[in-house]
Structure formats: structure tokens, C-alpha cells
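These are the structures in question, set out in turn.
Look at the two complexes coming up: chain A is in both, with chain B in one and chain C in the other.
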Partner chain A sequence: MRPGVNPYACYDTLFVISRTQQVMGNAMAGEVHLLAYLACLLSMYRGRAASDWGYWFIRSPYGAPYSSDIDRAVESMQANGWIGGVDRHLTLSSAGGLMLETLSQLGQNGPRKGPLDAACASILSVPMGIVRTAVSMEPELRNAEALSLDRTLLDEPEIPVPLHDQFEALRRALGIRVADLMVPAVVWLSYLSRVAQEEMGMQEPLTP
Partner chain B sequence: MNVNLDEMVELARSQAETMVATAFDEQGIEALKSVYLGVRNLYKCHSPELLSHPLVVFRPVAYGEKPIDQSEAIRITDLRQLRPCLRVPCCVQVLDSTRMLVWSPYEVNVSELSRSAVVYTYDGREEYVWAKEDFRKLRNPLPQHASVLAIPSFDSLHHALGSYRDCSARLCSCPILSLVWYDPDTRLFLMSRPKPNRPEDIIRRSLYWSLNVTLREIATVLQEQNVDETHPVDIRVIYKFQDHQALIEIKWLGNTRAPDGRIVLRYGAAMARKGARQLAGYLDRYARSVPNTEVRGYLTVIDARRRGLNSASNSISKAKGMHYENSEITYAPEYHTQRDDFDTPMRMFIEPVCDP
Partner chain C sequence: MPVRGGRLRMPRIRSISLRNFSLFSKQPNLDLTFGDGVFCLAGANGLGKSTFLATVAYAVTGIVPPLKAKRGFTTVKEYYKSNLKSAPSFFRGRIAPQDMKDALVTVEFVAGPSAYVVTRGFARSNELIGLEIRDSADCVILDTSEWEPKKRHSEYSHRVAADVGLAAFEQLVFLEHMVLAFDERRHLLFWDDRAIEQALYMAFGVDPRHAQAADDLRKEISKHDSLARSTDWEASKLRTQRNSIAANAQGASEEDTAGDALAEYRSLSEHLEEGQDTVSRLLDEVQAKELDFARTSAEYTTLRQEYSEAFSALAQGSPVLAHHPLVRTSLSESRCGLCGTSDAGIADRIRERVGAAECPLCGSRLHGDEPDAKAARRLKQIDRKLAEVQRKVDALGQLRQELRGDLSTAEEALLQAREGLATFEKTYGRPRSDDDSDPLEALLRRYDEQIRELERTKDRYNAVKRQKLRELRPLQQALQRRYSEAEREFVPVFQKLASLFLGLDLGIKMKHREPGVGLILTVSGSERRQLDQLSESQRFFLDIALRMALAQYFSADDSKAQLLIDTPEGSLDIAYESNAGEMLAEFARTGHSIIMSANINTSALLRSLAEKCTSRQMTLCRMTPWAELSEVQKQHERDFDGAYGRIERQLARRRR
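Let's look at the complex of A and B:
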């Protein structure tokens, strides 16, 4: 790995590509940023601070979450052969798969597995396009959009109030504490997707 | 954005994941993930559109559990081997993402099976997940596709539009698009309504939603986007990490009818040619306003033309209803052959429901 490449971003990139290629055959760069950001949010849902995630995201000029650390991680791991693929379609090489296994053993990555696994598991039952639409409706990205800022997301010491309120509502709605974050992930994405559809002017939202 | 707690509670109750977690806790969710992945892989080899018999896919929650006698099961290691099994009612146990046990023909008591397993059922485009004798319906954001676990995704906008033409427009199987008709049972006239429910509004929402769900590697899809201060294009697609955008202009052909039965508008091929001119103009203006961005234009023509309609028409023969099925539009000038930034226009004929 090149010096200056964020090790957390490397792990997350390998993890997301590995899981996404199981479902979709490969991963596209934007999907890696999207699912890593969703995982970061789910980690916050579990009470961890955004600063614990190890790297930051911004809202790209086009409204999507983006991390330059992930970009650098992809570039670096393509150069050393851990990530392969044709054109923009990313896949793990066998060396990349072994590296993911090795990195998974490291204690520093332990707390990331649950949120990453849940974010990636959500695409098993929620189409990627719905995940993208739903995440674009989460309060932090919406707030950045309203202010027309390409600013760093989630960079306050405390969890932003609108996000906190959504997480509280989610906890109350679920009623049960499930260890697997896939459950709150899917319910939250469904809720945000419904909000998006209502805003789009759909009279009867098609997804819950 | 205020949170609607009631809505979130209702959503939580209606999700399969919540039900499975309540029934079987962590182990159940692991089984559910295996079932979802197994079904997705199965549908990559066998389209659910072609399933004419019920399909049951399950995974026991406890490792080693055998809720069905395995002595008569077929062990599958290549999902293509499943094809003959799916021609009859079939039950599949997921071992891992590509290995399965299959009982075929087999009709299983799903409720009983779900006492110790997470069970997925598919029957006639309806999908359920079962756990501990409880069940939840899987909701499909694009019901024109048979299963939420088999919604396609596309890298190419041209292919995504082609899929919309074939799967959503042709038989009007998109629930949003189905709102466009004066009488959805015949699909002869489009309904004349004011904004925001004009035919062009409904068609735009339908296509917009479909692209939103099926396109990969895009940052966003936007509706009614101004290309300059006064000219809005119907849909703009912004690709991620590339200075690349697409403008989609939508035109519809056919007749609209007012609620009182009057024919209000009659749009023929000239409207499609007008759309081509408009789109060429948008592309020119947009290229000037964002010079470092590669922009490509797509003209989409929803074709609901029927031959010989008048204000008294309430039904149509097959010959008249399908008259325009293969009636391609001649464009002059042919921007799509003269310009590099203009995709070949895509006409999407919607079939009427004709007299038997």
C-alpha cells in the first residue's frame, strides 16, 4: 500500500467490493463511496462518533457522498493488483481477497465489520438505485444540499440533530435491539425512499 | 425534515427483516441473507418471468437442521441444472451461494417449514418471506419486473431506456405510467388533465423512477431541469466522477380525451420531430453553458397512436390498434446521424387492449 493511503478506507473498499460483486458481479466506484458512507452512518446509529470512522466524506457537487480517501485507496490497490476489473467495474483479485481476510483479523477493523456488512447486505433486498436515492435523502446530505455546500459531512463533534432524531425514531419503530444492523438499515432506507418518492410527486409510493 | 414516526413504525412492522429478526434473532438474519443471495443467483440463470409454478427457497436457521427428508433431494452445484426442476412446483434449500438441494416436484407446507427455517416463496409475481409461521410480502419498487430480487441494473442509458420500452411501456406494466390513460382497460386515449398530471408529467415521472432504480454509476437523475434560464429538459442524468451528462427529451404521440369525452389533443409524428429539434437546441445551449462537460441527448417517444379514433371510440380492432406498432418515424434532419452527441431516438409503442 502506498504511503499516505488511509488503511480504513482500504479495508472498507475491499470489503464493499467483495460483497457487492457477490450480488452484482462487480462494484462501481460510486457504489463503494455510497455503501461506505451508509456504513459510517450505521456506525453512528450504534453510537460511535463519525470521527471514529477514520476518514471523511464530502457531498460531491452532484449530491452524492464522496471520499477522496476511498478514491486514493482504489487507485493504490488497482496499482498493486488487489483490485482488478474491466473499465469502471471493480472486482477483487485473489490477492485482494487474501488481503481482505488478513485485514479482517486486525482488531482496528473489528468495529467496522457490522456496519459495513449491514450496508452491503441491504443491497440484497433493496435495489442499488433505491439505496442511492434513499441515502441522498438522509438529513446530513440534504442539509449540505440546501446550503449548496460541498462541505465535509458529519464533521461536528455531536451527531447532527436531524440525524439523531431519525435514529431515535428508528430505534422506537423497531422496538427490538437486533445485533445485525441490516434490520435498521433496510427500514431506514425504505423510509427515506418513501420520502423521496413523495417529494418526486408520486401519488402512491411504490416502496415502503 | 420532520420524522413521521407512525410511518416508520408501520414500515418496520411490514419489513421481512424485522419479522425474521423478531422470530429468529441474529441467526435468522444470517439465514435470510443466504436465502436472498441464493434467490438472486438463481434468478440470474432463470428469470422469474418464466416461472409458471410456485417456487419455495429456504434455509434452516440452525446449522445442520433438516426440516425436509434429504434422501430424495437432488444436489445442485451448477444453477443451470435447475432448469428442468423449475418446470414443476419446486422447493430449494440454499447450502451456499451456488450449491442447493432441490426437491422437484414438491409441494411443501410453507407455514410448517418456517417454524425452523427462513422461507422465500414466489408465485405469480408475488413474493413472501416466512419465519415462524408469520410472513411478509416483499414490495417491489418496479413491479413491471417480476421480482424485486431480479430488477436489472444497467451501465448504459441506452440499454436502460430499451428495458423501459420492453418491460414498462409496451404493455403499460408500470403502475405510474398506467395513470396516464382515459380508460386503462382499453388504452386508447390519454387523459387530458392539468399540470402536474398531464400525460407528459406522468410519463416523465414513470421514466424518471425507472431510470433512478435501474441505472448504475450515476450521481443523480433529475426531472424538469433547465438547460438555460428558460428551457427545461424533461430528465437530466448526471454520471458520477465523470464530466458526462445526459439530457432526455420525452414526447408522446396519440390523442388525449377530457373527462367529458371530448378529444382535446392529437399528436402525430410531427411532435416527435419537434422533440428532436428541441433536443438539438438544448444540446447546443447546454454545451455552451457547461463547456467542459460531455453531454449526450436522448429523444424518447411514447407512441400511443391508434388508427381511426373518434370521440365515440371506446374499443378498437387489432388491425387499427396495432397499426402504428412498426411505424417508425422519419426525422428531418436526422440529428442522430449528423451529430455525435445525439443518440438514436427511441420510439416506445404502447399496445392498446384490442377487441378479441
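Let's look at the complex of A and C:
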């Protein structure tokens, strides 16, 4: 394991692979970045700052959202034997499973579980391809993509206004406190996916 | 790229005429027309290129952009007001005294549906000697021949602001001077938070009145902030004086026997003192808790670092040998990955050792898949400590919030107590007691009253400031929303222009900086990084790129903007000069126009511009015949001719 590898990115990576392989047999590296980013957004929906997430994501021309911390975590944990699998299809080894169990007991990872759980559970209701399209329509990533700008996502101290507006609309629709984050996650992803379809001319415009 | 969203129709100057303009001694009467594309006035040093461009701006706005502003830009209204009288002194040194009375400038321009012919003298900014307005069918729609000069100017300012699509003439002056003119002031819009904020409101705001409202609110916030600070300073000065006198005072106050009014007065005073004590105590507590909070936060940050290190130690201590690349190669190829020996038994021997949790290389005992117990214990220890410190941070944060709330309530109560006392004093006057016979005590009391009055005043100023900030916030949010919607159209325009010049992946982002909003430059996605490597001249062109992008964005489809650019080349090298020419040509290519001046020696910029624009989109105007050249310049007149000739040939080349 390389020194300086981000423990939060390692935990998230193990968590996402563990949940994704239960549904799909394994996880692609890009899916780990995607679901961890979605979890970070959901944690912001719960009122936490993006800077509390422990690492950052960027928009790059080689794929977005992308986190170099997750990349390093995957690479290190593959060398270490916690993650196995062929090519980019990742699975958890028994040692990785035990490590996830150990890390899950730590208080540091407590607040991450809810958002990670909701992000991973959303693929039970929404196909992975749709999740990817929907997340790409989230205002921060969408703007960066439209401008083809390589930029750090969600790096402002305040939540971006368009994202804040969408979260507010979700809260109004679902009530202030829905215990399970999966409900707002799925509703939001469905909304974003519909916006994507509408832009591609596959849907009638949404009424406000 | 077509740019949507524009709604302004800024003045597009078609011609300008100067009469008795003595600076141009050989041609004091000049008539120039401006077609589409670039009009470039090229001349030698000291001929009056900057004065010419300042006169063009003056002709439309009645104001000369101030060369040495007394202070930075504050508000749109203030900019207009403070420069209203600057023109006469500016022109006094440039027009001979005997010509001042008869010197005139006439400008013809189109703004929205109307064509204007405006004639001004140079002595008064708010008067017009002539004004004619025609509609799109070329019919005169306003005859002002019988009007007073001031009335003409007043009518002109209202009409032109409305034709442009702005709420006030001051806004037009602001856009002309601060956005559309890059002149000898070398003012950089990018790095002027107050000016860029106004420009953004006008470019991206839903309603130009919002820009006006935000401008007014910013002015009020600054004013009340400054008033509160100076009042506080006054109060503190008085308090020091009062305490110094009191330190020498002796004797106790006598019993109050002056009746109900005095009793009430004292009760109110005590109430006030209690309030002051409470506020003072709470201020101390808040400060103490702030310190605790900062200390605990620092501890938390250190522990997070330790947590990362402990995690790395745990991970390093738990290699799963079967996955080690050396072991995997040896197993799959039955060949030692270290010494290269091939042997059918190698794989079995390695498997046996790995299975027995032994290192196949050194034979050391290892733990299996279980995480390293010692490292795991250490990680758990730090995790527990982190949770403990996190709880402390949360609790302190909560306490800090509560104390701040209490402080705010106590300040409110103090304000009420002050007002109660003030009302009493207003109604009954200040009750007198026997104490007043003591001149020292009477003096102290007068001090106290003055201090209390100043504190009340300061509180009032702060309350107004807070209120104005609250009123400003929705306007800022509306602007941020509009910008976010427009970003995908606006930013690429800037990126294209800026990358033509610098060849870098540049972008811009909107930033909220309390109490305002502004833009920041990004280089390859990083905020302002590498910016220090840009020279001053490179910054000029980035600023021009921003102005061009704003102008393209805010101009309506049926109206194109016109920039005034004064000798921008500075000290660029040949390569950047050439790129700068391409950037200016790109702006002209989109139908917008430029009136610029340049030194005739900077041929790389002009040649590149001429090559891109050709004579269809560029006019070169020789300025050397306008005024007397210096002796040195006269000796090199042939060089000037040669340089003009090269650019003119470049312009003509494509035409053929």
C-alpha cells in the first residue's frame, strides 16, 4: 500500500465494490468513481459540506466524475490483495471483506454509510447506465462538461446555487426529513434522467 | 458561435467631427467615419491618440474617463457624479484658450431604434449644443433647436438610456467607460471586484433596475459600515478620555432623593448598565469559546492526519502474499520471479509457505487475511479519539452558536435600553439631582451621555448595514442563477478569444466574495494559478478578451457593440502581438467593431490584424499629418511612411 493513500477513498471503494458485486457480480472502476460521487452529493443533500467528504472529484476529458484518490485506492488495494478481479472488473477478496468489516466499525466512516448505502442501493431501482446519464446532468458536472473545463467539482465553500435549488425542490416534494436517503436519491436520479431524455428529444418537457 | 441572452443596444458610432480642436494643430477640423470592423488610428508618440479616444468617449457620455481617480470605483452613480466636472480641465491643456469657446465635437451614432447626432462643447459636461434624434425611417422625431442646452442633455440622457435598454444614463456611462473602453487608464476590470460586479449585473441581470438596486445597496452598505466604524472610533476616544478623568475622581454618589422621575431615570440607567455588562461578559465568553473552538479544530485536523497515517500502516502491514505480483508470476509460470529458476515444484513450495502464513522469501511468520491486529488497534484508538474530539468540536460549535445568539439578543436588549433612556430624556429632559452640584460628576455624566449616544448611533448604522446586506442577497442569488444559466454560452466566447491570444486553456468562474460577487480566472481548471507568470501586457489582453466576451454577450442580436482600445500592445513580444491581432480580428469577425489607436512601430499586431481583417473589415488612419511632429520624428518621417505602407499593402493583399 502506498503511503498517503486516502483512508476515506479506500473505505468508499471497498463499500461500493462490495455492494455492486452483490447486484452485478463485480464493479467497473468507473462505477466506483460514479457511485462515490453520487454518495458525496447525497451527503450534501443531508446538509454536510463537500469538503467534509474527505477527498475531491474532478471533471476531466478522460471521464467524469473522477477522483485521483479513488484511483490510488484501487491501485493500492489491488496490489495489496484486498481487491481482486480481472482487468477493470473489480471484486472484493476475503481480506478486503474483512478490512471493510473492520473499517465499518470506525466512527470516522459512520456518516458515510447512509449516503454510500443510498447511492449503491439506487442501482437496484435505476439501471447503472441511467445512473451515469443522470449524474452527468447534475448541475455542477453538467456545467463543467458543457464548458469542457477540467475543474474540481463542488470546491466552493457554499453549495452551488443551481444544485441548492434542486435539493430544495426535492425537500419540498418529499418533506424535510426522509429517513432513508434512497428515496430522494432515486427521485432525483429519475428527474435528472428525464431532463437528459428531454434534451435528447425523447420526452415531452417537464412541467415545473 | 451565436451568443444568446443579449438585450442591450449600445451606441454604435458612425462618425465624429472635431472643430477648432487645437491639439491637432495641422488638422483642427476633422471629419472621420467609422465603418464595420476595425478603425485603427496609427500614429507616433505624443500626437494625441489617447486624447482622440477620450474625446470619442466624451462625445457620447459627456464625461472623460479620469486618468487619476481619487479612489477606486465605488458605485455607478458615484463614478458619474464625481467625474461630471472633469472634462473642462482635461481639455483645457489640449485646446488653446482662444479656441475653447468655439471648439466642438459632433458624434453620430445608432442606439437601438434611434439614430443620434450629438454636439457638445468642451466646457460643460451636462449641456448639449445640438441634439437630433431620428427613427429607423430617418424621420426626425425630436426637434430641440429651441431648447436650452441643459434641457437637451437631460432629454438626451433619458432617451439614450432607454434606447440602449438600461435603467439610467449613469449605467450607460459606466458600460462605455469601464467595459467598452480600454484606455490609457489601463483599468483592469477582472481585478476590480466592485466594477466587475456591476458589469455582471448589467450583462446577466434580468432587469437593469436590479443592477441599479444592487449598486445603491452596495453604496449604502459601505456608507453605513464606514459610519459605524468612525462612530465606534469616536466613542472609544471619548471613553478613554472619560476613564482618564474618572480615574482621578473621588467620593461616592449621594442618595437619590429627587423623586419619581429621577428614580425612573436611574432605573433606566441601571438597566442600561446591566445591558452593557451582559454584552461585555458575553463578548468575553464568545471570544473564549472561539479560542477553544479553534484549538479543538486544530487538534481534530492533526488527528485526521494521524488517522491517515495509521490507516496506511494497517494497510502496509497486511499484504496478501498470494496477490503479490512476484508471487503471482512465480505461481503462474512455475518459475521463480526473483532468481529466474524454472522448476515444476516451485509453485507447490510457494503455495505451501503462503498457506502456512510464511513469507516464501525469508520464511518469516505472517498473519493471514486478518488485518494486522496491532495496527488495527492503533487505528481504532485514533478513531475513538477522533470521535471524542469531533464531539468536542460539535459541542463547542453549538455552544459558540448559542453564545452568539445570546449576544445578539443582549445587543438587541441593550439597544432597547438605550432607546428607552433616550425617549425618557427626550420627554422629561435629563433629571437633575444634587449630584449635579458636583462639577466633576456632571462632566462625567456628560461624557457618558455622549458615549451612549454614539453607541446608539453605531448600533443604528450596523442595523441598517445588516438590513441592506439582507436586501442585497436575493439580487446576488438571482445574478448567480442567471450567470449559471448563461455560463455555457458566455464562457466559451471568452475562452476562444483568450486562447487565441495566450494559447492556454483559460476559463472564468463566478465567485461569491462577501459582500459581493465577482469573476475569477482559471488556468487549466485551477483558479488563478500561473497568473503570476503573465506579464502586465498579457493581462491587458486578457482583460480586453473579457470585455469583448461581455460585449458580445450583452448585445442584442440586431445590435453590435463597439470597443474603444487605446494602444494596447504595451511590451508584448512579436509572437503575442501577432496573437493579439488575431484576437481583435476574431471580435471584428463576429460583426462587432473596434475603434483603436496604435503606435505605428508596433507592426506585428497591426500586420496580423490587417492580414486577418483585410481592407473589407479594417481601416487604417494615418495620424502623423494631424499635428506637428517633433524634430526627432521629422528626421524619421520616411520610416513612418514605410511602416504605414507595409500595413496598407497587407490590407490590400487579400483584396486582390
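Just a few scattered comments:
In this section, the second predicted complex is superposed on the first by the 198 of 208 C-alpha atoms of A that agree within 3 Å, B and C clash if a C-alpha of one lies under 4 Å from a C-alpha of the other, contacts with A are read in each partner's own complex, and residues count from 1 in each chain.
Methods note: contacts are C-beta pairs under 8 Å (C-beta built on N, C-alpha and C of every residue); 3 or more make two chains touch, one makes a residue touch a chain.
On a predicted model such as this, the values are computed, not experimentally measured, just so you know.
Applying the stated clash criterion after superposition on chain A shows that chain B and chain C can sit side by side. When the two structures are aligned on the shared chain, A:Pro139 is found in touch with chain B and with chain C. Look at A:Ser125: by the touch rule set out above, it reaches chain B but stays clear of chain C. Rounded to the nearest 10, the angle at the Cα centre of chain A between chain B and chain C in the chain-A superposition is 120°. In the overlay built on the shared chain, the residue A:Cys10 is in contact with chain C alone; chain B does not reach it.
By the touch criterion defined above, A:Met99 reaches chain C but does not reach chain B. Contact with chain B, but none with chain C, is seen for A:Asp180 once the two complexes are overlaid on the shared chain. Applying the stated contact rule after C-alpha superposition, one finds that A:Pro162 touches each of chain B and chain C.
No C-alpha atom of chain B lies closer than 6 Å to any C-alpha atom of chain C in the overlay.
Where the contact sets of chain A with chain B and with chain C meet, they give residues 139, 162, 165. Only residues 22-24, 28-31, 60, 62-64, 88-89, 121, 124-125, 127-130, 132-133, 136-137, 139, 142, 162, 165-166, 169-170, 172-176, 178-180, 182-183, 186-187, 190-191, 193-195, 197, 200-204, 206-208 of chain A touch chain B when the two sit together in their complex. Contacts from chain C toward chain A in the complex involve residues 307-309, 311-312, 315-316, 318-325, 369-371, 376, 379-380, 383-384, 386-387, 390, 477, 480-481, 484, 487-488, 491-492, 495, 505, 507, 509, 511-512, 522, 524-525. Residue ranges of chain A in contact with chain C, taken from their complex: 1-7, 10, 58, 76-82, 84, 93-95, 98-99, 102, 105-108, 139, 143, 146-147, 149-152, 156, 158, 160-162, 165. On chain B, the positions that touch chain A within their shared complex are 1, 3, 5, 7-12, 14-18, 21-22, 25-26, 29-30, 33, 36-37, 40, 97, 138-143, 148-149, 151, 153, 155, 175-176, 179, 196, 201, 205, 208-209, 212-220, 223, 238, 240-241.
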